[in-house]
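Shared between the two complexes below is chain A, which has chain B as its partner in the first and chain C in the second.
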Partner chain A sequence: MEAYIFNLVNLIAIYAILAVTLNFIMGYAGIYSLAHAVFFGIGAYTGSWVAQNVSPSIFVTLPAAMAASAVVSLLLALPALRVRGEYFVAASLGLQVLAVTIFSEWKGFTGGIGGVLAIPAVRIMGVEVYQPSQFSILSVAMLILVLLAINALVHSSFGRNLRAIRDSESAAASFGKNVPMIKTISVVISAALAAVAGVLYASYLSFINVETFTLDNSVLIMAMVIIGGTGTIAGPVVGAAVLLLLPSLISYFAFLPQTEIGALQQIIYGLGMTLLMIFRPGGIVGRRAGK
Partner chain B sequence: MSITLRNTFAAVGALVCLAQPLAAADHTIGALFPLSGPNAVYGDVFMSGADLAVDHINADGILSGPLSIAYEDSQGLPQPAVVGMTKLVNVTKVPYTLSAFTGVSKAISTLAMRNKVVAVNGGGVGPDLATLGEYFWNVIPLANLEVRAIVPYMVNERKLTKVALIYIDDPLGQAMEAEFETELPKVGAELVEAYSVPTTAQQFSGVAAQVRSSGADVVYVASYGNQQIQIVKQLRDNGVDAQLASYSGYAVPDAFALPESEGMLITGQGVDLEAQDPVTKRFVTDYRAKYDRDPTAYNINYYNATLLYGVLAAAIEKDGNDVTGEALLNKRKEMGSFDLVGGTVTFQDNGTLLFPIQVKEIKNGAAEALTSVNFE
Partner chain C sequence: MLAIQLAITGLQTGALYALTAVGFSLIFGSTRIFHFAHGATFVVAAYLFYAVFNAGWGVAPGILAAAIGAVVFGLALDRLVYVPIQRHEGSFFTVFVASFGVGIAVQNIIGMVFGRGFVTVNTSLSRSVEMFDNIYVSPLAWIAILCAVVFLGGLQFVLLKTHVGMSLRALSDNPELVRTFGLDPRRIEAMAFAIGSLLVVPAAIITSATTGLNPSVGHHVMLISLAATIVGGIGSIPGTVLAGVLLGLAESMALLVVDSQWTEAVTFAILFAFIIIRPSGLLGRTIAH
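Take a look at the complex of A and B:
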């Protein structure tokens, strides 16, 4: 039982990192991205490749994955962030579709549709970490580090710039802020930190394929942020926990018939989400709950 | 009141003590099937075969206690599958689990290996499923075996020596392309063209034009789902009149109903539903009675996968040992061959079942067996 719980803790921590990093641009800078799973994927594929071909040490895989994700996000951010609001959503959607095609076709790097098998367990100081209980220490520690980094950023002058851009780009620009530059840096930081989740995910599961890095997953990460509460530190973590725990909890309802459990899970899950948004529209820990 | 409480506790304690040996004798295996999402229909199909095997094993009383299956919803996706597999391994503590879908099978294979839990695939046919370690078994002949069966038939019986291949750009298609490259020269035939098509492609008039000019005697289609139907239809619409051929993935009602499928050669697991061996006869009779339809290969495979557990676990218990994943693996290697639906079958060293493959021809919307190929 402990291993199962630790397994859920690991997945929650990994998805919480993704939600926290998406919230950094979405909640604080007002940049709505539908391509977060792409940076998750770039981190996972790069981490896997480095682990298999160079070293599975976390001190090698993490920097490599973060650098790769940051470079790709820069390519997206430079042209796309010159547009506002829904235009960036469209641009990020384009990147998501393009990335899935590349993930499927670049077989030498991603294994194509078949994915990457036998990814080595992450190694820290020569120790392989793959048991759910051991890994949970690593995943939770990485989540805390990411939270601390994001918290420090949003409470710095850079964070104030982000909020100013979120509330009014024109006003921020009129005060002399370099809006495209600030937005670009925030997207690069978000993507690089999302790659951390990718490295952890790939080494923990030991197998990745394109199915995990599709638009569905980008929407799921966005749902975690919205349901937890945008623009808050704890919200994305709570959102990730709720969305990942609900299906597992429902699977324990012994009174549900086995053959119908899948459909009933979907109904209960969807209903719960709808009710939550009706009664807590600002998210579970959102500041503007009930408005 | 205190006496009543004490008595109650004593009664509960006694019941718990009595229940322990019974619970220890119960057998539970796992199953990671898509029970929700777009592939949920497959979950129902897989379950119908596995559930019938449970009925038979329990009716026969071959195990020390009743067998049941703990189903977990994989949604046909790797991540939910890993969550489900972790639950099966660590909470339900199963020694044996049924698996379906390539992504799911690959994702759980590491967990199976690390925890010494047997995982058995009865649905996917990609040859890369034979490389997932000794705790991952396939009770379905993989697609490379089907190529090895049809190539000699095409060349020796039909004199079709120039082969054009249209294959889906995924591990299944790539493996079949490699198989043709290896097998055709052995019988004096050649692969004149090989066209890879993306998984999402639905327009094939360009491919058809190239096939026409390739001079191929036979066009082999290695795809699945709606795409394979579109390929066959558009080949004929675009004037390709060469012999068409495919593998077991083509054996679906929509493909059979297509007028353009008439005369196609396909291969598939060689199961004679009218066979008189007791296992096949009982399965077919009871399946028809329970579900009011003929069984498909998927029903047979998951019935066989579950029956295999019953046979192995019964033998292990007979030896006086505990039924663990490791014991199941060792017993499988020791026993060698098994009487399952379709006859007596043997496992290859890589954990994949060797099953006879039939070469069939589609006639009047149904597949008619032409010959059966046995592999040693």
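Take a look at the complex of A and C:
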């Protein structure tokens, strides 16, 4: 039971990092990306490759994964600079589909469909962290670090610039803000921090495959942000917790057919997304309606 | 020879893509509703046809069931999901997430009822016949192309020559003006959903007899519809048709150069390139930023 709870804590912390970093570009720069799982994946694959071939020390895996993710995120910055709204969603979707194909075909790096096995546990100054209870300290600490970093950014002049761009790109530009540069930097920061979640996930589970980095997961992360509350600090964390607790809540209802639990979870999760959007579009934490 | 064979297959795929994409494009173009559950409409129609046909009731009742199912599903979604969201002025993303949720639910409900594996409707029409030297074409390929011509021609006629079509175009041009002329935008919106949903039916039925169905096929349908809509140019029905056909051809012809695992990537690389280089699409108006 304890291991089960710590396991949930770890997954919630990892997904909360993803939701918080996605919210950074969604809520503050108005960049609604459906490719966040790509950067989760790049972080996970790079982290496990480095852990297996160089060193499992977190001081090696993390910077490597963040750098790889940051470089690839420039591809996402490209459409973010050109188009907005549904066009950008479509572009990020294109990137997501492309990435999944590359993840499943680049067998030397990603293990193809089979995935990467036997990823070493993360090492912090010589100590291996793998038990769910120990790992939860690490994952929650990382979540807090990411939250602090994002919070500091949002409240800095950089954050004010971001909000100005979200509200009116042309106005920000006319005030002499370098809009393309600010947008690019925010995309890069978001992707690099998402890679942190990837490294944690890979070393925690010691196995990854492409299933975790598909469009479905990108939508799940986006749903966490929207359901929790876009543009709020606590929203994405709450959203991650709610969506990840939902399946375990459902499995408590013993009268449901056991073989269909997975499908029922998906149905409830799908309809839950729909109903929330109809009745509480600002999310659980957010107060603003719609927009 | 291989190139010709692939071109014919591509044309068949392209015809089906054009048919599925045009429904989405019509709804999005006229109502600005990002109807991501369009793929779910496809799956509902396809499985209704499959169920009725497999119960031994024949093709015509199957087509009827699929058509009624698709239209009712589309109208119900508009009424129960999109209208309430618009009432509190939900953003395009609110609509998208709600619509995606419906897609996930439908996919899993169908999976519980019909199973998650592939099912195919067996007809003598699906068998390929040698047309000339080593070129094989199934009668269904011709039916697909014929359906695309008839239905898309019919749509173009409706849009250009009838009252319904004119109000649809008016809605896409200026929703405020529609209201001042005493037309009810909600009714025109419902019309867009009815017509758009009906248009996936031929593609859904033909797919059930060619490549077969599984509950997640709606996902692919949706992605293709979105790609064709944007590559063609949002708001341009002829553009969407052209893009659908070209994407089908590109997917098929790509097999000359790459393995089949890459076909979907080819489609989305084209989409990505278009958004960066020419976001207004093939025949679209320049986009308002």
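Keep in mind that, in the parts below, the second predicted complex is superposed on the first by the 261 of 291 C-alpha atoms of A that agree within 3 Å, B and C clash if a C-alpha of one lies under 4 Å from a C-alpha of the other, contacts with A are read in each partner's own complex, and residues count from 1 in each chain.
The rule is simple: a contact is a pair of C-beta atoms (placed from the backbone, for glycine too) under 8 Å apart; a residue touches a chain by one contact, two chains touch by 3 or more.
Not measured: the values here are computed from a predicted model.
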| item | value |
| --- | --- |
| Partner chain in contact with A:209 - chain B first, chain C second, else both or neither | first |
| Touching partner for A:104 - first (chain B), second (chain C), both, neither | both |
| Which superposed partner A:139 touches (first chain B, second chain C, both, neither) | neither |
| Partner chain(s) touched by A:2 [first = chain B, second = chain C, both, neither] | first |
| Contacts of A:48 with chain B and chain C, given as first, second, both or neither | neither |
| Contacts of A:266 with chain B and chain C, given as first, second, both or neither | both |
| First, second, both or neither for A:91, with chain B first and chain C second | second |
| Partner with the higher number of touched chain A residues, chain C or chain B | C |
| Residues of chain A that lie at the interface with chain B and also at the interface with chain C | 104-105, 263, 266 |
| Contact set on chain C toward chain A in their complex | 34, 81, 84-85, 88-109, 111-112, 219, 223, 226-227, 230, 234, 261-262, 264-265, 267-269, 271-272, 275-276, 279, 287, 289 |
| Interfacial residue positions of chain A with respect to chain C in the complex | 32, 78-79, 82-91, 93-95, 97-98, 101-102, 104-105, 169, 215, 219, 222-223, 226, 260, 263-264, 266-267, 269-274, 277-278, 281, 289-291 |
| Parts of chain A lying in touch with chain B, wherever the complex brings them together | 1-4, 7-8, 11, 104-105, 112-115, 117-118, 130, 132, 205-209, 211-212, 247-248, 251, 258-259, 261-263, 265-266 |
| Residues of chain B defined as touching chain A within the complex | 34-37, 40, 43-44, 47, 71-73, 75, 77-80, 82-84, 86-87, 89-91, 102-103, 106-107, 109-110, 114, 126, 128, 132, 169-171, 198-199 |
